[in-house]
Amino acid sequence: MSALVAVLTLPLVAALGVFVVPARLRVPMALASAAMITGAALALCVTVARGGPVMLMAGGWAPPIGIALRADGLAAALIIMTALVMGAVTCAAWFEASPARAGPRMAFGFWPLMLLLWGALNAVYLSRDLFNLYVGLELISLAAVALAALSGTAQAFAAALRYMIFALAGSLLYLAGVVLAYAAHGTLDIGLLTARTPAQGDALALGLMTAGLLAKTALFPFHVWLPPAHASAPAPASALLSALVPKASFLILMRLWFEAMPDLATPAALLALAVPGAAAVLWGGVLALVQKRLKLIIAYSTVAQLGYMFLVFPLAGGGGAAQPWAAGAWTGAVFHALSHGLAKAAMFLAAGIYIAAVGSDRLGDLRGLARALPMTGFAFALAAITLMGLPPSGGFTAKYLLMTSAFAAGQWPWALLLAGGGLLAAGYFYRPMVALFARDARVPLLRSIPRAWQSVPLVLAVLSIMLGLLSATPFDLLQVGRPPPASEGL
Amino acid sequence: MMADLATYVLTALGLVFFVAGTVGLLRFPDTFSRLHALTKADNLGLGFIALGIAFQTETWAQLAMLALIWALALLAAGTVAQLVARAALATTQEEE
Amino acid sequence: MTLTYYALTGAVLVGLGAYGLLAVPHLIRRIIAFNLMGSGLFLFFGAAGARGGVPDAIPQALIITGIVVALSASALAVGLVVALARRSGKAFLPDDYPADDEDRAP
Amino acid sequence: MTLALDLALCVLILGVALASVAGGGVFRAVIFFITYGLFVAMAWARLGALDVALAEAAIGAGLTGVLLLAALGRLRRMNATSPPHRTGLHLPAAFAGAALACALGWAWFALPAPSPPDLGPVMPQSGVGNRVTAVLLNFRAWDTLLESIVLLAALLGVWMLAQDKDWTAPLGPRYHAQAGGVLASFGRLLPPVGLAFGVYLVWAGADSTGGAFQGGTVLAAVGLVALMSNVMRPPRVSQGVLRAALVLGPAVFLCAGLLATASGGAFLSLSPALAKPVILTIEVALTISIAVTLALLVIGASGDGEYAP
Amino acid sequence: MTVWLHIVALGLLASLGGALWRVWRGPSQADRMMAAQLVGTGGVGVMVVLAALQDWGLLVVAFALALLAGLAAVGFVQAQTPDGAGDPEETAPSRPWKDALAATQAEKKP
């Protein structure tokens, strides 16, 4: 069994397994399978880094009849990031979603939902078939909505419903584009679409798919569902929703614009993608500044951070002539996605520890907690460094790459935005940090937090810093199977 | 030819019953008389249509299928008419 | 010509469903609108797949998959609406009415 | 004449859809939507897509209606308030809808000549005669496998909506019916017929109209009738057999896919010689899981009987 | 024959259109439900005619429609009972509904 098949099927097998087995075997099985899937993800990365992209024709049928799956460097990087986040969330949930703490309902449902989400994410990262991607996206959406509703409050239900309406509308818009693409070209395969004879309706198809995916990625102005949904879920679920779920739809956007239909990337279209991204950075940042609850600050920060990823479109395009800096922009955007995933998961897991410790995430209630829980405070600070884009973090590498390509391409407004967004991030993380590291206060803890639990967000935060310190390895991995427009410009 | 003639006559009869049922549904003054008119008409209508089409079938299986379809529709319509009438009696009639 | 009828019907259904999904406040009706939008899209797809004389089997298979996925999503959405109504007594999203929006923090 | 028939059908579909979106009253909208499913099934029949017509008839005209009507009943008993007025999005939404409809309409006329993949040469290797079944269970089996898992995810999501105190209660409302009454006899008469028909659909699906999804939906529908007329008792989440039945289909599907990998083929590949028996095995397992999942999706989470007076 | 069957199908559709008017008008929920039931039966009829017209395989679809014809209405009557899960026969007066019908008509006359 190849690593690719293992990465694809193990989470699904594990999800079915934890669904069926009796309660006492559930957590051991989840932990064991998380370890196995992470191992398989590592093996896949090594295979891809050493031997180049791995292809798989599901069922042995080549497109246009069958479905092709392909692990390139981009997919492998996201798979390993997902495995690290999922592994950490599994460990955190072991403490947090226990029957004693969360009740038998959550202790039953969290594990299969998490594993189903994992399987769906891996399926989306690997698939090359537009309709298969639709089914994968729906699986992601349903699992994510269920996770968002898990805490069972009226706020959580309202937030989950709003999320669901956006997700469903986005899916259908995406599907409309897929239908048009198939009706015109008789294929759903990304590779075959690259080599298609252009048709009149292609721009409409790409536009519909893009619009649907933007709603799912929560890009401004489609972001309104995200903060309440992410903030009202239990902390391990928030980590998954914020760190991983938007990356799947963003990856499909990259695949569409860089691989399936790069010929349609006009400067105006690329600008139209980046301007909402810029608005998201600013608006999300401003709203994060005024929130009173830690989880809402982190959630609004996600709105802002997702905006940066969209700068890849103008920075890798434009000009007409081949662009030496397109590759930098493309790699920078992916680096940003990876480091944001690790850091954001670390932050939500840290917030989960705080809520477990003091029963609230209002900034006023968190004063001085860093003294009681130093490891968690440290993890939060490290994650904040990554999200602000300070050296030597992975976030810094990402911003450095994006900024140099902005200067090289002569598009300095984007560089300004990157700098301004960093300042905003420093601003909105300043307030929780001040509260956490306050020296004057001493809060009584509702319960003691085991060190093992505290170390979980710390590991993720350290990884997000390591991504910057040891950026050469992921950098090389990303070059494997990179589509030509990503290195030569759109 | 006789078969075709039978189809013409029977389907036309079925259509008449359906139209009669609809007219009853539209014209009758209150819920219960509408119910009454409707259950008679649509069952007979479907019966005659199925019977008419039966003269066009090519295999016994299709014929059996048609008979079953009619039987099922009768069962469903009878049950539903009973239950809806009871429900309409039991609950206060709220207007939307 | 016949196919054009169905394709255009499908297109109008998609528009109608999109309108309902965005503008109708009652959540059950929004779920209905979502289903209309989906089935309109499938109708368009089916008509497109039937253009070659022999109906193309791939769109039909995809449509069956899509119908089942839409039912799953509808069932979850209906469950959420009932759960929301049980907790808040409302069959609509309170945020749609900023006037009576209370502090959302628990 | 053909044109008139198709035109009439399209007009009815559009009218019913308009009535369910634009008309006042939720109950009316739901009833219109139930009839909508019926007309769309006719449209699929006209388009020659029999398998889709069957799926639409069973799902659109059958299950969705019960789902929505039961939800309305629950909302009414909770005295849930309906929204006071339209949202402010009225005009922009109308504009967006119109733009979308026009764009799709334009795209229809701009479509190039169709170039569907030719399934003819590969059909003999697929193991079945029905092309739709071949696509669903062989050529694009990965889609179908994921879809069966989507169903499971939705059910899991619905279960998670229960209140903690109700978690161990039986799923859905506590149905009851008068012994020997009309409803109870209906619940006794229909399921055997439905069972036979569902099994027939799965069996026939290999070579003619039918298949696991259609068969599963029919079984779910008659299962629901049996549940609602209290002929069958709803299960609890804690029952291992229930959970096993729910994962049976995806599990058998995954096993078949992984066995193919283990024997040197591609993931989910089927050797032409074994294709038919393997597909039938997968379909039987899938049908069971789909039937149970759909029926439970409709009755809802545990503890929904708490409003009993 | 083909032309005639088309006419029958069209006539059935027109008749269903009339029933839809009752769904629109109501006024009671039972009225709307019964009209939908008529549409359902008529739909089975249309499908049977289409089977003769196009493809006998459509009989399977007609069968499915007939089998599920009562489903929505059963869901409706259950939702109408006080706890949403009952049987109207348990709560309704025990006399046959035709007597009840006569009674309601008698009440209306004076």
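As written, the chain order gives the labels A, B, C, D and E, with residue 1 at the start of each chain.
Heads up, the rule we're going with is that a contact is a pair of C-beta atoms (placed from the backbone, for glycine too) under 8 Å apart; a residue touches a chain by one contact, two chains touch by 3 or more.
None of these values were measured; they are calculated from a predicted model.
> Shortest hop count from chain B to chain D along touching chains?
Each step joins two touching chains, and the minimum needed here is 1.
> Can you give me the shortest step count from chain C to chain E, moving only between touching chains?
Graph distance in the chain contact network comes out at 2.
> More C-beta pairs touching across which pair, D-E or C-D?
If we tally the C-beta pairs in contact for D-E and C-D, the bigger total goes to C-D.
> From the centre of chain B, which other chain's Cα mean sits the farthest off?
It is A.
> Determine the centre-to-centre distance between chain A and chain E, using the mean Cα coordinates as centres, and give it in whole Å.
50
> Would you mind pulling out the distance in Å between where the CA atoms of chain B average out and where those of chain C do?
For chain B versus chain C, the centre distance works out to 32 Å.
> Averaging over Cα atoms per chain, report the distance between chain B and chain E in Å.
Here chain B and chain E have centroids separated by 9 Å.
> Using mean C-alpha positions as chain centres, tell me how far chain A is from chain C in Å, no decimals.
26
> Residues of chain A touching 2+ other chains?
131, 135, 138, 142, 145-146, 149, 152, 157, 176, 183
> Listing for chain C: what residues touch at least two other chains?
Each of 14, 17-18, 22, 44, 48-49, 58, 62, 65, 69, 72-73, 76, 80-81, 83 in chain C touches at least two other chains.
> Residues of chain D touching 2+ other chains?
2, 27-28, 46, 48, 63, 72, 74, 100, 104, 111, 114, 116-117, 119, 139-140, 143, 147, 150, 153-154, 157, 161, 163, 182-183, 186, 190, 193
> For this structure, enumerate the chain pairs that meet the touch criterion.
Listed by label, chains in contact pair as A-C, A-D, B-D, B-E, C-D, D-E.
> How about chain C: which of its residues touch chain A in the complex?
14, 17-18, 21-22, 27, 30, 34, 37-38, 41, 44-45, 48-49, 58-59, 62, 65-66, 69, 72-73, 76-77, 80-81, 83-84, 87-88, 93-95, 104-106
> Can you tell me which positions in chain A touch chain C when the two form their complex?
131, 134-135, 138, 141-142, 145-146, 149, 152-155, 157-158, 160-162, 164-165, 168-169, 172, 175-176, 179, 182-183, 228, 232, 292-293, 362
> What residues on chain A touch chain D, complex-wise?
1-2, 5, 8-9, 12-13, 15-16, 19-20, 22, 56-61, 64-67, 69, 103-106, 108-109, 112-113, 116, 119-120, 123, 129, 131-132, 135-136, 138-139, 142-143, 145-146, 149-150, 152, 157, 176, 180, 183-187, 197, 199-201, 204-205, 208
> Within the complex, which stretch of chain D touches chain B?
Those residues of chain D that touch chain B are 24-25, 27-28, 182-183, 185-186, 189-190, 193.
> Which chain D residues qualify as touching chain C in the complex?
2-3, 6-7, 10, 13-14, 17-18, 20-21, 26, 29-30, 33, 36, 40, 43-44, 46-49, 51-52, 55-56, 59-60, 63-64, 67-68, 71-72, 74-75, 78-87, 89-90, 92-94, 96-102, 104-105, 108, 111, 114, 116-117, 119, 131-132, 134-136, 139-140, 143-144, 147, 150-151, 153-155, 157-158, 161, 163, 211, 213, 290, 294, 297-298, 300-301, 304
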